[in-house]
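Everything below concerns the one structure shown next.
Here the chain labels run A, B, C and D in written order, and each chain numbers its own residues starting at 1.
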Amino acid sequence: MSKRMQNLMLPLLAVITGLILGGIIMWISGYKPINAYIALFQGAFGNPVFIANTIAGAIPLILTSLGIAIAFRTGLFNIGAEGQYWIGAMVGTWIGYNFPHLPWYIHIPFALIGAMLAGGIWGGLIPGLAKAFVGAHEVITTMMMSYIAILIGHFMLERGPMMAPGYNPQSPLVSPTATLPTLISNSNLSAGIFIAIAAIIVVYLVLFHTTFGYRLRTVGYNPMAAKYAGMNVPLFTIYSLGLSGVLAGLGGAVQIMGVDHQLTDTFSSGYGYTAIVVSLLARNNPIAIFFASVFFSALSTGSQVMQINSGVSPNMTDVITGVIIFFVATDKLYSYFRGRFRRTAKAQSEQKGVSLS
Amino acid sequence: MAILEIRNLRKVFGSVIANDEVNLSLEAGETHAILGENGAGKSTLIKMISGLYKPDAGQILLNGVEQHFANPRDAILAGIGVVHQHFMLIPALSVAENVVLGSEGSRFLFRKKDAIEKVLRISKELGLPLDPAIKVQDLPVGMQQRVEIVKALYRNARILILDEPTAVLTPQETEELFAVVRRLNQDQIPVIFISHKLDEVREIADRITVMRAGKSVNTMPVADATAKELAQLMVGREVVLETIKTPAQTGNVVLSVEGLSVRDDRKMTRVKNVSFDVRTGEIFGIAGVDGNGQTELVEAIVGLRKLEGGKILFLDKDITAESVSGRIHRGIGYVPQDRQRDGLVLPFTVADNLILRSVGNQPFSKSGWLQKKSTRASAEKLIKEFDIRPPLADAQAVSLSGGNQQKVILAREMSREPQLLIAVQPTRGLDVGAIEGIHRHLLSLCEQGKAVLLVSLELEEIMQLSDRIGVMHAGELVTVMDAKKATRETLGLAMTGERVEEGVAP
Amino acid sequence: AAAQKHAAPIGAKFKVGLVTDTGGLNDHSFNHLAYVGVLDAHKKFGVKYSVVQSHQSSDYVPNLTTFAQEGYNMVIAVGYLMDSAVQQVSKEYPKTKFLIIDDAITNRKNVMSAIFDTQQCGYLVGVMAGLMNLQKHIPQINGKNVVGVIGGQDIPPVESYMAGFEAGVKKVDPKATVLQAFANSFTDPGTGQQMALSQISQGADIIFPVAGGTGTGVINAAKQKNIFAIGVDANQNYLAPSTVMTSALKGVDVATEIAISDALHHHFKSGVVHFNLANKGVGIAPPIKAVPKSVLKKVDSFIPLLVKGKINPPALLSSH
Amino acid sequence: MSVLGLVFSNPELYGSTLAMATPLALGALGGTFSERTGVVNIAMEGIMLVGAFFGVMAAASSHSAWVGLLAGVVAGGLISLALAWPAVRLQSDQVILGMAINLFAAGLTAFLLNTVYGFGGTPISTPQLPQLTIPILNNIPFLGAVLGQQNVVVYLMILLVIIGHFFLFHTNLGLRMRAVGEHPEAADTVGINVVRIRYFGVLIGGMMSGLAGVYLSIGMLNSFEVNMTDGRGYIALAAMIFGKWTPFGSLGAALLFGFATAVSFSLQNYGVSANLIGILPYALTIVALTGVIGRSKAPAADGLPYEPSK
């Protein structure tokens, strides 16, 4: 099998194994796995609106995991994308409802750029500086900053400065001039998809076709060699975490401006964590991130219809997803068992040889 | 009867036949050398003897009894002690912990005091003094090797195998090692000694086995072997052993170091008031026992380390405050000591590694965009010029052998046409063929009127290549002498800190 | 119509879809209660039902739409978080009836909004707590005049309980201290337990958790330290029979069942429907024996005042 | 007395600190054991959940909290094998495995909770692990209020930290574990079974994280709630790094975090905004990390797969 073929086959095999195992668990607990899976698929891709929703659900994952992937590529683990996503959403929302008189072509970029900057500062500048200058481990700093961001978000909404007039802890709706148009009516799919695709292309080009990306990767693979080659390693650490935050922040703003239109306490359901899994699954490859995100989103949207049609709890989706990721990680399993089989076969034949002589 | 006998041993890794029909016999009390090019299969053989690899075919016999080592523990119990080519020490642990690890000798509790005592006793018996409480990461390589030897003997080794032990040693340390080997031989402990260095082998060994391309091609008593013959057996072709050096046409000063003092990471002053010049067209060699400040000196010159005092002038310009990349652009090339750690990005392709220090320059990039075509074209040219094998620009650096990795680094640095090339241990661990190539490249630089600062622990190499030689000891440049007048003895003396009369500070 | 009466369960053709918010059915709160109401309706009228627990907030619209599209007669949206989703979907499916809990949508003919005046039941349990706090002879009462209330998060349905509680306590015991805290989570009983212990150490001897799953930790701490707790939403006495002295009830189950029944029997009411003491949409659970008759009597005396609107407890905390 | 004076002089604050620190310290200790042998463990969150759930389940059905404890610890150990086996045998990416376990455990425990017990929650008859009263300690004025009466798991945690330290730094097996985490090949050459040691480290680590979960479900409480760990596994990960992969360091970091959390509980009762005061533990951690602790270096071979001799 060629390497490219293998890269394609292994995740597929993992998905199939995961689905079979999930099916067995469902069957044991008294559900009908086949029906459930049909419902899952229908829920994800059964009609144009479902397809649109599946793609829409992938947008925040794409943007956030692109960010996480950049950090991974530099050898850094940005575990706090969730908070950067929040910060981006917060700033995007604030700009989105505060300047209703701006024309859309200024208002939208304004909100997006604001969100990106905020995410970048939150994820990059602070943990990056702490890492570069005092060696504070980025896993801790990004995680702590993330919790802080979410608490600030709640503070803003719960009787705080961003709460809309009235009773509910939610921000005002962003003005139409800061709303990303919906592409397919009755669905969540907004023009945000173009931003996500553009981000994939940009990240791909930056990483693999610019000197900046080359240096990022060098620092990631071998900081010593980077240093000896005259690269400013601490600076690239900051860049990397910063970009990571920029993309997560963008993700948050795009979600608000395209789907939610206002900030609420529960607007994110842990995209920042799911995105870690997505980028790992995609081996930090920007293009693979697209497919991995769609896959995750399909599981999530499909699981809703699966619930309705076959009563399977959505927690089952998490179980199946966990199993799938497990088998992606254990890609050597297949060759391991093949090897084992061969070895035992060989051992048996050898033994035969001995007994014959 | 032979203590250890190897019969038709074979080991295959995927498509690489690392060992095939290897035969060897080791007699009591002898030192048996194994000679062979890089990749000849020496280390693989040792790993099978020590239980790390399982042979695919063939037999290992100890005192006539066939052995089937399932793991290194079996081999240790059978009395085989190995000092691996890449030291198997744990830097974060102390010497004593490293020595007793795995055979602590107590039931459950780790008894630190006992371990320290045992280490002291063995090192005293061997005449290899060691501080057992110090962490291995704080030891120079020569000392680390002592730890390895003590470690093997602590486990009651009845056969000692040394895989390329002298590659990291100074002449003095090598002599000390040889003394230990002779003492072991007297105690009837045979030693297998692996090396590329013909003269050393001829000095210490009783018999020599030559390996080539995974096979043992010949075994002979040392008296019967000439250097030329051995080299020919190793490589399978005729080798020019002496590099012919024409006297330098020296010109202007390229690098001038004035009163340099440098501290190490632990704030110890490691370079003290060092001054010297390097001129166009010459190779300035720096000799010295490892750990006498050479590393810190070089790191200061390339900009990786702050100065405690002094000045560095490059082409008459004060570059003391300049960044690493600034110095690179001014024309300083650098071949670091540890090629994998500092010199290469192993997952990158050869082509990408070749632009590591010039990625921001034309023609490799244009306004921030990588120019893959130019990169590739230049890579292909360099691969041909430096004979990098396999000749694939897209091969990952990690898949290259050590010698070829070194060629990549040298090609990269030379392709920048530096005014000054600083090369630290450029031929460490390489075979004769590869060394020959690298030496040729260094000399050609001088012929083009560039300057070379060569730091090496190999006296032969320094003496062969340099025009002038500086010797460092305890952070000081104790002498600078004309290479023509330098002898092993005078250099060796200077390396111990003796000031040599003739040495005139520049 | 006569034929219909003979058909076994009258609701056999009536389909109800329940969409939870992201809290899910395990929330020990309104999602769960709404589900109970749907089950009751199923048992009583034979209506068919289906439940979907939303995974993320962007699922609200698709989930509501799915039910509407598949011809469900009534779709129930649990929680104010679905406000805009219900606005949107109810407009597109005018024939489908919608019920939204804890939210006020007034401009749709096919939407009923159930608002629970939980400040009223909060007030009643507050009165009870205030009075109990003065009963120094009861072993659980320490005489320090301190009670506590722990919210899951600072959101309206939680705050109205807390505000009512605070007002009730102060009404009967103006000198009492009411400790307030938020756990910032509805799913962290460990934090609930520690917050309760913290309040207990500051003298609280009656604590009222309004925090879903987090509240189970509060009740546990109360039991451990032998003080009183007050249940929320449903009668939570079963969690710790001698500790949970009463519960403030929020009849989400009742409201759900009523809404289903109304729709089924063709007298669906659109607009905001207040569930309060007057229509038994909120209330308090029968207290345990430790609560003296005198206290009970006093508490009961407040019910008519609240029903008649003579007392209007605040729905917002005084600290805001 | 000022508010702060009141808060800090209340012994309950320190008791609460200890209680909040316990699951974090146990998780961090578990992570330390795993990572000291070179297997990166970010699965504490999931393992804790599994330990918590099976702890309750066994306790409820056997009517013995001790059986629950045992079951939770065993379950934690078993699920950690899903990390150990591929990490050790298949050289799989340990970070991916950890995330897979976290997702799987969250889904599985929620699913089982509903399947086994319905939406009403776990049985209220579930027994709880006892609070211990330490005779003499309990009578010392301030200290007694802090340390004299705690859940048995709290004392167990302190004991495990001490034993863990002693084990890692003063026994042969501990030395071997550290050796494997630093340089598995070197350990292999002196006859140490790298595979077995790594299994051991991950397994022990999993059991400790399982115990952390048990503490949450039947130590502090007697019930299981969906996702009741509420991110403590990740905080434990941070505590492990913060504590520089040592048992006492882990405990110290957990205590710092527990302390800040406990302070935030008390301060709230004095009318400080819950959301803003909630920032305290996280902010304090960053400040401590950048100001005092600085660099923490993982074991050299942490996360690097090792293929043993062939």
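Note that a residue touches a chain if its C-beta (ideal position, glycine included) is under 8 Å from a C-beta of that chain, and two chains touch if they have at least 3 such contacts.
This one's a predicted model, so the numbers in the text were calculated from it and none came from an experiment.
Q: By mean C-alpha coordinates, which chain is most distant from subunit D?
A: Chain B.
Q: With chain centres defined as C-alpha means, what is the inter-centre distance between subunit A and subunit D in Å?
A: 27
Q: Can you work out the whole-Å distance between the CA centroids of subunit A and subunit B?
A: Centre-to-centre distance between subunit A and subunit B: 45 Å.
Q: Between subunit C and subunit D, tell me the centre distance in angstrom, where each centre is the average of that chain's C-alpha atoms.
A: Taking the average C-alpha coordinate of subunit C and of subunit D, the gap between them is 35 Å.
Q: So how far apart, in whole Å, are subunit B and subunit C when each is placed at the average of its C-alpha atoms?
A: 76
Q: Which residues does subunit A have that touch at least 2 chains other than itself?
A: 151, 154, 158, 313, 317
Q: Do you know which subunit D residues sit against two or more other chains?
A: Residue numbers touching two or more other chains: 110, 114, 275, 278.
Q: Could you list which residues of subunit C touch at least two other chains?
A: Touching at least two other chains: 154, 184.
Q: Got a list of which chains touch which?
A: A-B, A-C, A-D, B-D, C-D
Q: Subunit B touches which residues of subunit D in the complex?
A: 170-176, 178-179, 182-183, 185-193, 299-300, 309-310
Q: Please name which positions on subunit B make contact with subunit A in the complex.
A: 302-304, 323-328, 334, 336, 341-348, 352, 356-357, 359-360, 365, 368-370, 372
Q: Over in the complex, which subunit D residues touch subunit C? Could you list them?
A: Residue positions touching the partner: 10-13, 15-16, 19-20, 23, 110, 113-114, 119, 121, 124, 128, 131, 216, 220-223, 225-228, 230, 232, 261-262, 265-266, 268-269, 271, 274-275, 278.
Q: Would you tell me which residues of subunit C are touching subunit D in their complex?
A: Interface residues on the subunit C side: 24-26, 28, 32, 35, 148, 151, 154, 179-185, 187-191, 193-195, 197-202, 213, 216-217, 220, 224, 238-240, 319.
Q: Within the complex, which stretch of subunit B touches subunit D?
A: Result: residues 47, 50-54, 71-74, 76-77, 82, 84, 87-93, 97, 101-104, 106-110, 151, 155 of subunit B touch subunit D.
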